[in-house]
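Structure first, then comments.
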Amino acid sequence: MLRGLTGAGLGKLESNEQFIELAAKYGFQAIDIDALGLVESHGVDGARELLGKHSLVIGSIGLPVEWRHSEEAFLDGLPKLTQAAAAAAALGCKNCCTYVLPSTDYKAAHFMALATRRLRTCAQILGAYGIRLGLEFVGPHHLRTQWKHPFIWTLEETLDWIDAIGESNVGLLFDAYHWYTNGLTVADIEKLRADQIVHVHINDAPDVPLEDVRDNGRIYPGEGVIDLAGFLQGLQRIGYKGAVAQEILTAAPPTDSPESLVQRSKAGFDKVYAEAGIG
Amino acid sequence: MLRGLTGAGLGKLESNEQFIELAAKYGFQAIDIDALGLVESHGVDGARELLGKHSLVIGSIGLPVEWRHSEEAFLDGLPKLTQAAAAAAALGCKNCCTYVLPSTDYKAAHFMALATRRLRTCAQILGAYGIRLGLEFVGPHHLRTQWKHPFIWTLEETLDWIDAIGESNVGLLFDAYHWYTNGLTVADIEKLRADQIVHVHINDAPDVPLEDVRDNGRIYPGEGVIDLAGFLQGLQRIGYKGAVAQEILTAAPPTDSPESLVQRSKAGFDKVYAEAGIG
Amino acid sequence: MLRGLTGAGLGKLESNEQFIELAAKYGFQAIDIDALGLVESHGVDGARELLGKHSLVIGSIGLPVEWRHSEEAFLDGLPKLTQAAAAAAALGCKNCCTYVLPSTDYKAAHFMALATRRLRTCAQILGAYGIRLGLEFVGPHHLRTQWKHPFIWTLEETLDWIDAIGESNVGLLFDAYHWYTNGLTVADIEKLRADQIVHVHINDAPDVPLEDVRDNGRIYPGEGVIDLAGFLQGLQRIGYKGAVAQEILTAAPPTDSPESLVQRSKAGFDKVYAEAGIG
Amino acid sequence: MLRGLTGAGLGKLESNEQFIELAAKYGFQAIDIDALGLVESHGVDGARELLGKHSLVIGSIGLPVEWRHSEEAFLDGLPKLTQAAAAAAALGCKNCCTYVLPSTDYKAAHFMALATRRLRTCAQILGAYGIRLGLEFVGPHHLRTQWKHPFIWTLEETLDWIDAIGESNVGLLFDAYHWYTNGLTVADIEKLRADQIVHVHINDAPDVPLEDVRDNGRIYPGEGVIDLAGFLQGLQRIGYKGAVAQEILTAAPPTDSPESLVQRSKAGFDKVYAEAGIG
């Protein structure tokens, strides 16, 4: 399982280049980055070279389509999606992810029908380029009532939704924070097949009651109470081999320098990987 | 548009034969009947002959699959579905319908995901036999709060769901009662394409406030307040050529003889077809 | 059925504007034109206005994706397809068409598998924008052996392929020339449903043996031997209401002025529509 | 990887019970057997108990649908398929397989379209029960010209076909004999993902030129020239964990007793598993 970083939790990164250099310097193997932006700034060959010389792969791109609101906004995103998919594929990235909010202002059943059709279209376009779509269920309790109607937030619901979407390239973005806030166990991970998991996020939670854990109250791996060793061991046991990307969402951005934050991230990974007995 | 009957509203029919004979005697051209039952009792050739000599076609069969509850019950219905589809196809029937309750005790979004997948499977099996699946949205207001969570009940939601199911052989069962209780107009019908409509139900409503119309308070066509002439004209204008089947759901079954009820039904059809200017 | 024109057979058109003006001047109601080009040159509003003031609709756009050769070329076309689909939808055009050559240098079964997947992807993208994909089977006999292996060319094969593609928005581009060169009859048209037909091409054939008819030997409607009255009547009988677009493919481009060619086209339409008894 | 047996190569088995007992006695862990037949003769509980007490799982059932000829025959098989799938699922079997002949008397492209649609329907039905469909490409050269037109026989073509079918539960039945006769290498196996492989067959080939290897000239593992150690190592390296079932197709059935043939099979497995360094 590759050590991965997203930009979230690294403070004010000056550039993609800085992100790439710091990730490589501190032993990370994967980054979640905007592949299309990288291709636009460096060209395909330049972007490949930049990643290659730092021995980095792209863990996942984000889904550049607004599927949660109007049909117009959704359709507006599709040309961009084809370009982003082409860029990701050109850089060897096979994953694209989006998150699923656990409540909605729309009527829940109707929104589920719309979202099913829209994400299917996204998956079909991504699939043409050999890219998978990962859906991230979101566990923090406060978000379940943030909008008018409950939507979905559990692992089981998300797996059922993936079946409803019905494309072979759709799977889970499995995030330790949402695993934790859903009250899931290592045994729940072990019931999955590795090929159901598109991408993994890792981060830790403070020692507060489960129902009070805030989505933007995340802390660095190894600094909190989530059983990340068990989380990683479960993933390894089922044969997951992809990236495990840190994503620290916080209410206010950290003010330390990016380098010190990447260093701190490395320390977290060192700790939890060691606890998990993973090389 | 073929004049059609379902058994609902005809009192205590003694047998399929009686149903068929009465329908033919009073000028109906289509009946909604259990094709598999007919094939089991008469054989394919016998059933064809029985229908043929009465110049009747089967308007639609009902979906013999319980898709609204447990996965086990759902799967149990699939062998039966293949048999029912084979029987319907053998008798020249190309339609199969099911209704959609407007509320549910399950979490609405999750149930929508499950139901999408299950109805897709049903549509796929039916499609192998050249049969379409019609979804009937259900309008009466009291049913929207009958179970814990609102599901879907509007035409627009149902069309969006059909898109989410994503099979080319899924369309609407368009029922005059649900059109009326949704407050829809003839213009709403005219926005549809004929190929979006799998089957049509006709029946009338008593003169009570719209929100008080009960699902099982239906009356015979022409005896109530629904603009059935407009309904039929709208359907004709968009080129719908299938069956229009009467379905009178009532709290208590009518006690008149089936023959007098079929006669009454004929009078209703005569009236509303004449008002609509349809031959 | 709308009288329609493609650029093929109109000689050296100077501009889209000339095409539009001539089409309108001679009573045509639909043109097959590059919607994206029109939007790029005039903006969405300008293009709408240009078409609107000439009372013209766009019959169909061409599929801007090379699905017949390398995977790379195929993928390169997808961003363009999203843009073309968005432009077509913005201009109210709901159809996109491509033709199917009756032989191929690739192994036929393998190419069928690849083409099925590629055209499905195209249909899925078009479907997101509410646009249908029409497949044109190609009848002239000489093309059946033009490349190494026979592919498909009959109506039945094409319908079976549409089922294999399996998207609800795929249908036929039905061309009188290919209907004729396949030896089909009016009865074959009457077996179709209108919703299976995405778009129609019309043109005529010289009086030569059927097997000698050349794909690029087409002549103007009414000047040859095809039973175009029967063709149009069949389409009308099944309820086809879309455009019937002339497409005169010739070995050498006609040298007459576009205006005289559009005039000649009008005379042809006048003749065959009159023979068919269509207003 | 589970040691598995099919009935092919075991001579005249007297009953399912004998098959099961011999398989267990000689250390096999999986058998390919008719799950529906077993359920019909023993009931679900009885069949589970029979398999359970012999520590056997069912590797795969065969697809009980004739998808290679008439539409009528195809449809006739669907009710049986639902029953077979239900039986397999009840016994914990998640795989169903069919083979693909490398030539056909039908026009190749048209047959590919028909077969794509039919196998998709089969996959959809199987998928409802959580069962995967494995397609076995068939390599022996003589079969490529056995019927009029070449169809498909390579790994690459089969993977492309799986994409054309477009259901997430379709993968490969990977047979050592077809791997060998296609001239494939261990590196070709290593390019696959384990989740692309539904089931594996193992058997050996005599020392004759590759193009002379006959489909029904198979011999026991370890008695021929195929690099079965490499084959098994490749599968293990990509993480395949399912059954590896022996299937010895011969021109005439072996005349030795089933017990001696199972014993011989065990010796073959012992040898090639040992050579592969698999426990």
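So that you can tell them apart, the chains are marked A, B, C and D in the order they are listed, and the count of residues begins at 1 in each.
Keep this in mind: contacts are C-beta pairs under 8 Å (C-beta built on N, C-alpha and C of every residue); 3 or more make two chains touch, one makes a residue touch a chain.
As the structure is a prediction and not an experimental result, all values here were calculated from the model.
Shared contact partners of chain B and chain C are A, D. C-beta contact counts were set side by side for B-D and A-B; A-B has more. Look at where the CA atoms of chain A average out and do the same for chain D: the two points lie 38 Å apart. Centre-to-centre spacing of chain A and chain B amounts to 45 Å, using the average Cα coordinate of each chain. Within chain A, contacts with two or more other chains are made by residues 166. Chain contacts in this assembly form a complete graph, since each chain touches every other chain. Within the complex formed with chain A, the chain C residues making contact are 75, 78-79, 81-83, 86, 89, 121, 124-125, 127-129. On the side of chain A, the complex with chain B involves touching residues 104, 107-114, 116-117, 120, 149-152, 157, 160-161, 163-164, 166. For chain C in complex with chain B, the residues that touch the partner chain are 166-169, 193-195, 239.
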